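Just passing along the structure, written as structure tokens.
For reference, chains read A, B and C in written order, and residue numbers begin at 1 within each chain.
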Amino acid sequence: MLPLQGDVTQVADAVSAVWVLTVSFLIFFMQPGFALLEAGQVRAKNAGNVVMKNMTDWSMGVIVFFLAGAGISTIAAALTASGTSLDIAGAFAYIDEPSGWVSWLFGAVFAMTAATIVSGAVAERMKFSAYVVYAVAMTAVIYPVIAGFAWGGGLLSADGFLGAAIGVGYKDFAGATVVHALGGIAGLTAAYVVGPRRGRYDSKGKAQPIPGHSVLFAVIGTLILAFGWYGFNVGTQGVLSDGQFMGEALGRVALNTTLAMGAGMLASSLVSYYIEGKPDPLFAANGLLAGLVAITGACAHVTWWGGILIGLIGGAQTPLVYRWVVDNLKIDDVCGVFAVHGSAGFIGTMLIPFFDVAGFSTAQLVMQVAGSVVIAGWTVLTTLVVMYALKYTIGVRVSDEEEELGLDLGEHGLATYPEFTADSGSSPITDG
Amino acid sequence: MLPLQGDVTQVADAVSAVWVLTVSFLIFFMQPGFALLEAGQVRAKNAGNVVMKNMTDWSMGVIVFFLAGAGISTIAAALTASGTSLDIAGAFAYIDEPSGWVSWLFGAVFAMTAATIVSGAVAERMKFSAYVVYAVAMTAVIYPVIAGFAWGGGLLSADGFLGAAIGVGYKDFAGATVVHALGGIAGLTAAYVVGPRRGRYDSKGKAQPIPGHSVLFAVIGTLILAFGWYGFNVGTQGVLSDGQFMGEALGRVALNTTLAMGAGMLASSLVSYYIEGKPDPLFAANGLLAGLVAITGACAHVTWWGGILIGLIGGAQTPLVYRWVVDNLKIDDVCGVFAVHGSAGFIGTMLIPFFDVAGFSTAQLVMQVAGSVVIAGWTVLTTLVVMYALKYTIGVRVSDEEEELGLDLGEHGLATYPEFTADSGSSPITDG
Amino acid sequence: MLPLQGDVTQVADAVSAVWVLTVSFLIFFMQPGFALLEAGQVRAKNAGNVVMKNMTDWSMGVIVFFLAGAGISTIAAALTASGTSLDIAGAFAYIDEPSGWVSWLFGAVFAMTAATIVSGAVAERMKFSAYVVYAVAMTAVIYPVIAGFAWGGGLLSADGFLGAAIGVGYKDFAGATVVHALGGIAGLTAAYVVGPRRGRYDSKGKAQPIPGHSVLFAVIGTLILAFGWYGFNVGTQGVLSDGQFMGEALGRVALNTTLAMGAGMLASSLVSYYIEGKPDPLFAANGLLAGLVAITGACAHVTWWGGILIGLIGGAQTPLVYRWVVDNLKIDDVCGVFAVHGSAGFIGTMLIPFFDVAGFSTAQLVMQVAGSVVIAGWTVLTTLVVMYALKYTIGVRVSDEEEELGLDLGEHGLATYPEFTADSGSSPITDG
């Protein structure tokens, strides 16, 4: 009998691994999604710089997260929960344990998603070298600490100091706040420190449009992201738990993800139609993403109509928050990452208790607000520290001349589209 | 013993769910494939409108299909088969049954594929608002009824009124006709009602070329579609049936899909070479797709050499049918969706009995023709009703001025490529 | 008892099939990755030709590999190993065995990867018809023989004549040399025979830059390739072996693949920064790919720090070898396929013994060198034979006029971007 039971266990482990690996690949594929989305929303002269930043935060980030981030996450959890003891060697034991490497990869693709969001906010003027340093801080410390707080049994979990005080753990199923809102508010903060692009505000402080070079690329990037998001959300749900098939849980996450992205796109389009008189494809795309962000933390917890409503709210707030950031905060968040990833993530996650299939709980609502405050506070604070440290050392911004010329030529010595843009013929383009 | 047997069943269910979810994600990924394919085949001034239509039919469609379409499909089946009774509440019971939501998603991605095909036919002149209404009709009624007829145990199944009369059920494994030909002939019909683009025919009625703005995007979209199509075709085959591994069935579907897409690309290239004197990458791409469409219904049923032949025929007819539609029917089917999805789907599905591993059956051939007639008839009829209703109410076509200016500016107030197209500098582009 | 044990086996087979099919689809998806990467690195006037070549080698290739290549691979193995007897009918038996078709597809997507690499080297001047013939030779004979030698139990395996002589089998886990270096050195050889593009070298023989038309497309193609590469490398590792879950092996392959791609990107960027004074996104992208190539053979064998080092070396050598090929060998390898796929693959595979978790083995190192020599020698020799045969019959190169005009117009009668490129307005573009 034993060998047979063993066989079933081995096969069950294999199923779970096929699932985790497949969705990890999908989540990795969000990297070209972000690259296209962001590149489409900047001018052609900065498109190469955007994708260089994206490639670098991934490439640097995975190594940093392997050698430091994943262990720091465990330490952050241990330091902020009762009943755990600090074990630094144990926190880094995964480095030499092949049996944990599939799980490490699953964690890493979430970390890199948080990191790459920032590049969209600071595009078209942030110095490449400063961005690289910030990306290291993000993947070594800023994100890992929050992941440890929320998912690693730390501060925000039921056994964490804050969770125990409030009496429940923080609910963010797949990272609406832990990943997306963290990235979104980090981007907002970094964009504030870097300052607006030249020409973004006129002499009276009124925002001037600086259209990106391809709405098509932005939309295709959006749909690539949506594809990867199925891995992000549905993949966070295991297929087996204690030997039981999790069919209903998988169905709930898949359905809510689908309905919320649809609702987010429709709501953002309608609001942009109301504001601008015409439905805007770029707000439609960003609304679809905001619907996904809003449901990311909630998808496992809420009813299907809750999923639609959360998606609608996530999408509807996108054009409004975007304009508020640009017009009132006067922060030049180029790709609107705060509206799409930040506010959508916080709002969607705070709405969970109202649509929870487990019923409304005041303690849960308090915890959702408290958790959001912790995540926002930590991220803003650490980002300010790193960004100001960079500002007063290597500098965070390219020169005015370089910004005018474009960061592709300035930072990388090439023209992204030497044949398509009028003035590129005279550019000192390099070999390649 | 029982717990152990239970364990195996749970793991088996998990395997099937991993498969169904993975392929559903792949089929969703056909959305950016269609978006790029269609955008590449229209002029730059209409590319944003094309992708806006694609995002909208998906986003609106999933909500409509959840609240209406999937239930209407069940009702359509029940009304057209013997031994079933109408149970409206039961038809919509899935809305509150989480255990059925994974299956719902699998059905939804097929429905959205049918819906999105139409946008390619009516591109560059159909009004956005009218398109949205038509997309609702498609996802609520037009497609669901046919899915119920063919796959839900309705009219065309062995127990359906028509299937019982002929003595066999209709064979369309993964939707060559139920999804693709339905979308293709709907597109043809809608393009007929909308009328040709300005300048498509000269004063003598001779067709004039209107090249799309990027062959590269069309080809990349094609290859994205082919990737998703593996999910579409191979994913329709379950991996386990009554506890038995379906290795041979999976192999047949995977092989036939692969060979037919290759054969379709080669045949279409050769025919375009014969007609134009040079092999045309755009017809090559569309031939690859037509090979896929042609084998979609047949892949589980036919021999490998039948797969190659069906692919060859599907591809070879693409340039010929495209020219016939444009030159003889005088219908301006912009992306050739009838040749690629319509005729290829009908032909491939009617060819099944000739290459069936189960041997030739006259009754099956009769059923294949009858089923195709039902699908074509229903789709043309309902599309005409909806399109004419729209034509005589809100209108189906943008103004001549707007068509000249481009639908991106006209319908959405933006330029898709403000830096790449010569006249975009003076466009009243919006913020974003 | 028996039925139950049978059930477990069936479910285990289903898990393995889900894995193999999913990764096969991912590897197929490398086709649009290569198409975008290569198209971005050529001028706009040749982009359509590049993707036409890519579509053709896939489409022609799968049919050739089904009808000939896979069987020839088995024959090549049987002829070069002891204890095997030549069985030509048996070698082609898979053609009528549906149970083997999933495995065939898994083999086919590797073969097509090797084939499509060549098009990047010979872009912008090789005749389409000659390319098609070469692609047939590649998928029928050149690649299949090496696959049979290394993976089919032939010459390089432990029982092969060479493996037996040296005492160990050749280690190339997922095809760093069998697939990539073979494609890379074939491309180099073919580019040598075709000769450099007009204007690539000035009158003094000094290389002149000919920038590709879109760095963005090249980078997005790179990230698509990286996504597919997870299928390529991790998918080569089975999830179950003799009923045991292979969790550690999967983890090792997934981790090493991830770390090496990151390291390759960083190292190539740093070297390009050292050479050019600025980090070059195109070398960054190609370095990421070279890191992947370098680890492809090693990922299952080496330690994690070995994975990082192999990735670093693979990336760092990319700009250096590229310049050496262009400046010293005077071979115009347009997309640098030798540096990215060739040298990176050979180096990474020869480094395996130094970082092998099984410990260093001199015999293994000898075998790694010997195997690389066999693969390089066979590929150069057969490529020279085919290319010179083509050169002295149908010709391998377009006319100077056609090269100047662009291969899109010359070979295919169309402009890829009729609206974006300055001179395309007057082009005799075709319908489509």
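Criterion: a residue touches a chain if its C-beta (ideal position, glycine included) is under 8 Å from a C-beta of that chain, and two chains touch if they have at least 3 such contacts.
Keep in mind it's a predicted model, so treat the numbers as computed, not measured.
J.: Taking all residue numbers at the chain A to chain B contact, is the shared part over half or under half, that is, same or different?
T.: Different: when the shared numbers are divided by all numbers used, the fraction is under half.
J.: For the Cα fit of chain B against chain C, please give the angle of the superposing rotation, nearest 5 degrees.
T.: Superposing the C-alpha atoms of chain B on chain C needs a rotation of 120 degrees.
J.: When the C-alpha atoms of chain A and chain B are each averaged to a single point, how far apart are the two points in Å?
T.: 33
J.: Got the chain A residues that touch at least 2 other chains?
T.: Residues 4, 8, 11, 15, 18, 22, 417, 420.
J.: For a test of understanding, state which residues of chain C touch chain A in their complex under the given definition.
T.: My answer: residues 1, 4-5, 8, 11-12, 15-16, 18-19, 22, 26, 41, 43-44, 207, 209, 211-216, 219-220, 222-224, 226-227, 230-231, 234, 239-240, 243-252, 254-255, 258-259, 261-266, 269, 276-285, 288, 304, 308, 326, 417, 420-422.
J.: Residue numbers of chain A touching chain C in their complex, please.
T.: Residue list for chain A touching chain C: 4, 7-8, 10-11, 13-15, 17-18, 21-22, 24-25, 28-29, 31-32, 35-36, 39, 47-49, 51-52, 55-56, 58-63, 66, 95, 98-102, 104-105, 108, 128, 217, 408, 411-420, 429-432.
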